[in-house]
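The structure is given below, and queries will be raised subsequently.
The chains carry the letters A, B, C and D, assigned in the order they are written, with residues numbered from 1 in each.
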Amino acid sequence: ADVDAIAILTPEEGTDFGWNQQGIDAAQAAADKAGVELIVAQGLGYGDVRPTLRELSEEGADLMIAHASGYNTAAPEIAEETGVPVAIVDAPDARKEGLIGDYTLSGHEGAYLAGVLAANQSRSKTVGIVVSGEPPAWNAQSAAFAQGVHAADPDVKVIYAVIGPAAYSDAAGGKRVTESVIAAGADIIFGQGNGSSFGMLQAVETTKAADGGDVLFIDVIGDKTSIDKGHLLSSVVWDMTPVFTAMIEDLKADEYGTKNYSIGVEDGSVFLLKTPQVDEEAWAAMEKVKDGIVSGEVTVEPVWEATDVRSLMSDVAQ
Amino acid sequence: MSAESVSADRDERLAPGGGSQWLRAAGKRLLMTVGPVVVALAIAGLLLLALGVDPLRYYSYVVQRGLLSPSGVQQTLTRMAPLLFLAAGLIVAFRAGIWNLGGDGQFLLGAVAAAASAPFLADHVPAWAALLVAFVIATAVAVVWSLVPALLKAYQGVNEIITTLMMTFLGASLANVLVKLVFLDPATTVPQTRTLAVADRLPRLFDTTISSGLVFGLIAIVAVHLMMTRTSFGLRLRIVGANPRAAIHAGLDVPILTVAVFALSAGLCGMAGALDVLGVQGNVRADWNPGYALTVIPMVFLARFNGFAAIAFVGLLSVLSIGGESAARRMGVPNDFTLVLVAIVLIVLAIAEYIDHRHKKAAGR
Amino acid sequence: MASLAHAPADRRAETGPIVSLSGVTKRFPGIVANDSIDLDLRPGEVHVLLGENGAGKSTLIGLLSGLQQPDEGEIRIDGDRRAIGSPREALAFGIGTVFQHAMLVPTLTVAENLLLGAPWWQRPRKHELADRVADLAGQLGMRVNLDALAQDLSLGEQQMVEILRALLRGSRVLILDESTSMLTPSGIEELGALMRRLVERGLSVVFITHKLREATAFGDRISILKLGRKVGELGPERVRGRDESSLIAEIVELMFGIRSDDPAAERRARTLFSDEVEPLLSVRNLSLTAGPNTPALTDISFDVRPGEIFGIAGIDGNGQKQLAEVLSGQRREGSGEIVFEGRTITGLPVSRRRKLGLRYLTDDRLGEGTVGSFPVAINFFLKQIGEPPFWKGAVEQTGRIETHADTLIDDYDVRTPSRHTAVGQLSGGNVQKVVLARELAEGARLIIYNKPTYGLDLANTLTIRERILDVAHQGKGVLVISTDLEELLSLCDRIAVMESGRIAGIVDYGEQARTEVGRLMIGLET
Amino acid sequence: MADLFSVVFLGALLFGAVTAAVPLLLAGLGEQMSEKAGVLNIGIEGMMIFGAYTGFLGAYLSNSMWLGFLAGMAGGMAVSLIMVILCVRYGLNQIVIGIGLTLGFEGLTALLHHFQFSRTYPRLPAAEPVSIPVLSDLPVVGAAFFNHHLIVYLAVALVAVMAFVYRRTQLGLNLQAAGDKPAALDVTGVNVVATRAFAVMVTGALAGLGGAYLANVGAGLFVPFITNGSGFLGIVLAMLSRGRPLWVLIGAFVFGLCLALTTALQVAGVNIPTDVIQMIPFLAVMVMLVAFGRRSSLPAALGLPYERGAR
């Protein structure tokens, strides 16, 4: 089929150095590569996106990427209604040939590697996970991070804390919870959250670890190097360009919806960011595990449920 | 604070009589409403200019999408449905002098109740019956939810502003807990309730995408308007709102009426939630809270608690939100501008009403 | 803040008035509350203002205390023309007022209330206050508990506090608006003595009262207001050194004087009732405890027979309103029994009593009698909501309401631009007609009128009295509560006088009725 | 598990509770003053968010926490000035204007953030804590309560100041009179409108400061909608406190503590969903309302505009 234009819909503005920004940037890259137009509808919130989906379908989008798990009820419905293919996340079973594609993404392999890196670089042998919510993709990364830590060093403690409901814009909550986790001994924080992740970053930048040294931050999805003040250890970067590129190609080849899309360490669409804060030895240890994943020696099973995630943490009362 | 102090609670129907007089009054009213909206748009336009955005283009996109394009207007009309129910619920309360600021909590619990029951019912009974029963359950849940502030107000005199505000916080939390822990759809990884199949939802109107919820919304608000203005029950409520002492003097049972007002108001807000789920959303996701009631409150004030005027203002809000979304996207302005616009319209209209009121006072008695 | 001890003393020599009003006029919508009034307030004098309810006394006080601005006329203070723009300015001129309605903050203590008005950045000078209060109270023989909450004081005690407050602020003119209405006889005596001491110190006291005896006993000068005009002034030479009864007679003549053009003077033929007639309404041993702002009712009993007009006289605030509310069902606390047409109705709510034919016309026509923002037409039917033929199956029958409203507007001569006009925009008299029409609606058996002609002009007053007589002629019972003696005398078969929540006496119609009721009303025994 | 609950951790947890409580405390104290004077200030959320924005902007541009706080107060007062003019001076409906201000300033600050900060997310340096000698060395409580930015101590001291103002100053008497019986205040020569205007301006200043604290210290940066209903919680705290500043402090701290508790329970590995735990403070408030919420607690003239001589 002909593909002239694709559209992406995001709940927040594409300036969050995270999920929204990565999505829009990747869609732009994929569109440029394929020579198609990209329509961006950002900051739509978590309410009803049906009106925007319908409008974009009228504007000639040949694929609408509904870039939020909250959109995965609405988008397939509009696809059925308008006949315009959509891409959704976190609903692999909803796939439908020619109409609905799922790109449930998980950086869990990357998070596993981040866990290895963190375990090797932690001075206090305690690391923390702070999340602003518990959507499946984040759960998978939290779990994999904890598994990676324990794989590298079973004695390293992992502390897990959720900021609380409606915490996506709760920057103050992000900072507060992160500070508590640091006080509990963590010197590396693996943080997932939108607006609140800036609060986590702030906490890491302004709080000293128990030994008086710096606390480091491992981010997810995006790349915050440009706003870092020397505390960013790494990030599990998600490059969605291959996914969106594959979608456009499949559309053109009339094969859209026949398979699910994902990202992974193997093809480099999930990778760890290397910052000056990285310890070379720890990085080398991580690289070794990465090779294991690529070669299939090491497999990381995603864990989607919040309760299962909790049970992987240290000190969890079973 | 009495309902009277908010707006001249004239009885519309019994208001101005003969032909030309009626026209003049209607014309004046239109002017008093449209004039300030234009002023407000101008002020908001200045803000756009300051942000380097062409206000005329912005507004023209808003109008094109929200009002003129066929699919846009269908979206506008669909969006209006739950808002109309909320407006109806708020009108009942405000006209009776009860400041129900808990609409959002009532809306959410109604929505969750509908989302929890409808898909389940649809497995066992015909879709229409499932919808009907889910609708009733949602309404009942919202009514029960309002009993706490209602009884506290009626028999203890506890200020309803604080209790309803509190119940909104509590209701949002509770809705979340229910979605995540009780009514979770086991088939998805995303925390949300089971989804009501599109085919089982409220039918759409003719060949459009307009949910038939719009019809119910219109019926609800017109019914509320007629109830408040044409029936003995509505008149009783209005008396309680306009002058509670007169209500006691006239022998009305104020506590019972107060509880009834809460029940009606919350019930309608719950229906709004049910309607949004049964007609449009199909399910409720965790952390979902569109906060419609808080934005509808000013609209209802602007409409001076008149149901028909409220339809117009809710329409305006819908046009602004559907059209604003599109205009924001095309002009690169964040969606949040719509909030600013609504606030400016509201404040300018309130000032206009004040000036009007002063004039009447100076001219009259 | 000059202390009382020295301030007025050196003014005793001054002879000119401290405050002097000339041609002062104040209009409210539909009423001229003060109509070109001239008044001098001199040092060393208790100046009594007398006048019926609504004569404009409080309005005049409002002008002096800066709450209201006159529409015409001038105010001179110490001979200079001044505007009293706000209460603050009034206080600065040395005008202290004790208002008719308590003006203390209920949730503050007495001391805190007395301290209000000092610059906001100051610490309250409680010790200084205590000393000054002790000093002043000692000199003047007052007792105050500075630590009591204002809301826990009786109305009389509250008034004492307000007097104290005015004195503490070094007032040269002290205005007391009906300060004795809530006092016990001994309290009144004390206040009288206090006023005397104050004027001896050179203050000017303005004293408003409804009790003629107080006026003659305490006053040096007496001015009489009627319908906003000053109709007479008796200077010290005419007040002092006369025997009380001739003075009272002169005042009564000025106040209640039967005008030659006043047809109200025509008395109705008295209805004769045999004792066998079953009473329509029997009130037995009705009692009610006092509320925070309402007087108690004590052991009230009386009967009203069909066709009878039974009057209740008394100074406002002696429990008349509470009695009416108990009878109508608006208040259902208290003890005693009410029997209506042979049936005990003590526990019934307002609506049930109304259905039985018991109607209550309130004196507070805007506060509770009507909904000001609703059209005239609806206000006619506030108490018939839901009843056929105006509502059918809960639906309003607009046509019927409107036609009937038009009939009532014609019948009762309601002057309104249209039936759609908000009732609050009508003049007081016309609002009254609306309420009246409502209570006389079908099915009335006994009607309680509370101040039925309050605030009305002569023509309207006569029409309404005419209607009350009609109602009685139809064999219905009528209870008229009024502060207007003339009105009661012209209407009633019997008149009960209420005083401090009791019935002080019941007077049958007759030659002596006027004197007897008059004496009971102003606190004399018959 | 036990070793996790180290002295340091407990200290940090309580420290977090204090940090979370301070904006609520300031908002509650501010709202309390308005309500005392008879003004129901629903616009406080708008005052807070604007204070958060201007406070952050001020601190960011001037590199001074204190100038930031001042700017936050000024921002809050700018919003309250609108409320003073419209509601106190001209008697417009307080609920309508309040909601209008809240919506408007939430939107406006989100817009401004988008154009100014959304590509750089500037963050402030850490707020310099002031350790109170001796006390800050105490285990747990030392770290929790005696090692905060000076503004925290000032906010807590404000409770005493407010209590002092209400109970021991002329101003306190004026405020209470303005809320309970404005006419009685008027006849003593005190300007009711000015008294109420003052109260609302103070509300703006405190709400603005609360917002600025939330942004500058609580988060260290500004993000849209950062106040997240704190202002509304402030209204509830003020209404529950029945005019006593200490109760606002207790209420705010209980809220903060509940938040800290959710973190503590998770770190302890107690597998209770956070959503359930987060309902606790709201439930507690409702229970208190049912138990103690009598009509006497609110000023008699709350929400009613004052006009001299009106009948």
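The rule is simple: a residue touches a chain if its C-beta (ideal position, glycine included) is under 8 Å from a C-beta of that chain, and two chains touch if they have at least 3 such contacts.
Fair warning: this is a prediction, and the values are worked out from it, not measured in the lab.
Asks: What is the chain whose Cα centroid lies farthest from the Cα centroid of subunit D?
Replies: C
Asks: Count the touching C-beta pairs: is C-D or B-D ahead?
Replies: Looking at contacts between chains, B-D has the larger number.
Asks: State, to the nearest whole Å, the distance from the C-alpha centre of subunit C to the C-alpha centre of subunit D.
Replies: Computed value for the inter-centroid distance: 47 Å.
Asks: What's the distance between the Cα centroids of subunit B and subunit D, rounded to whole Å?
Replies: About 29 Å, centre to centre.
Asks: Express in whole angstrom the distance between the two chain centres, defined as the mean CA positions of subunit A and subunit B.
Replies: 37
Asks: In whole angstrom, what separates the CA-based centres of subunit A and subunit C?
Replies: 77
Asks: Provide the list of subunit C residues touching at least two other chains, using ranges where the numbers run on.
Replies: Not one residue in subunit C touches at least two other chains.
Asks: Where does subunit D touch two or more other chains at once, residue-wise?
Replies: If we look for residues of subunit D contacting two or more partner chains, we find 114, 224, 273, 275, 278.
Asks: Multi-chain contacts only, two chains or more: what residues does subunit A have there?
Replies: Within subunit A, residues 13, 165-166 contact more than one other chain.
Asks: Name the touching chain pairs, would you?
Replies: Listed in label order, the chain pairs in contact are A-B, A-D, B-C, B-D, C-D.
Asks: Can you name the residues of subunit A that touch subunit D in the complex?
Replies: Spelled out, the residues of subunit A in touch with subunit D are 13, 15, 17, 159-162, 164-166, 169-177, 179-185, 195, 198-199, 201-203, 205-207, 210, 226-227, 229, 306-307, 310-311, 313-317.
Asks: Once bound in the complex, which stretches of subunit D touch subunit C?
Replies: Listed in rising order, the residues are 168-171, 173-174, 176-177, 180-181, 183-191, 195, 300, 308-309.
Asks: Inside the complex, what are the residues of subunit D that reach subunit A?
Replies: 1, 4, 6, 8-9, 11-13, 15-16, 19-20, 23, 114, 118-121, 123-126, 214-215, 218-221, 223-226, 228, 259-260, 262-264, 266-271, 273-275, 278
Asks: Note which residues of subunit C are touching subunit B in the complex, please.
Replies: Residues in contact with subunit B: 29-30, 329-330, 349-351, 353-354, 360, 362, 364, 367-375, 377-378, 382-383, 385-386, 391, 394-396, 398, 402, 418-420, 422, 424-425.
Asks: Taking the touch rule as given, give the residues of subunit B at its contact with subunit C in the complex, in rising order.
Replies: 4, 8-11, 13-17, 229-233, 235-236, 238-239, 242-243, 245-246, 248-253, 364-365
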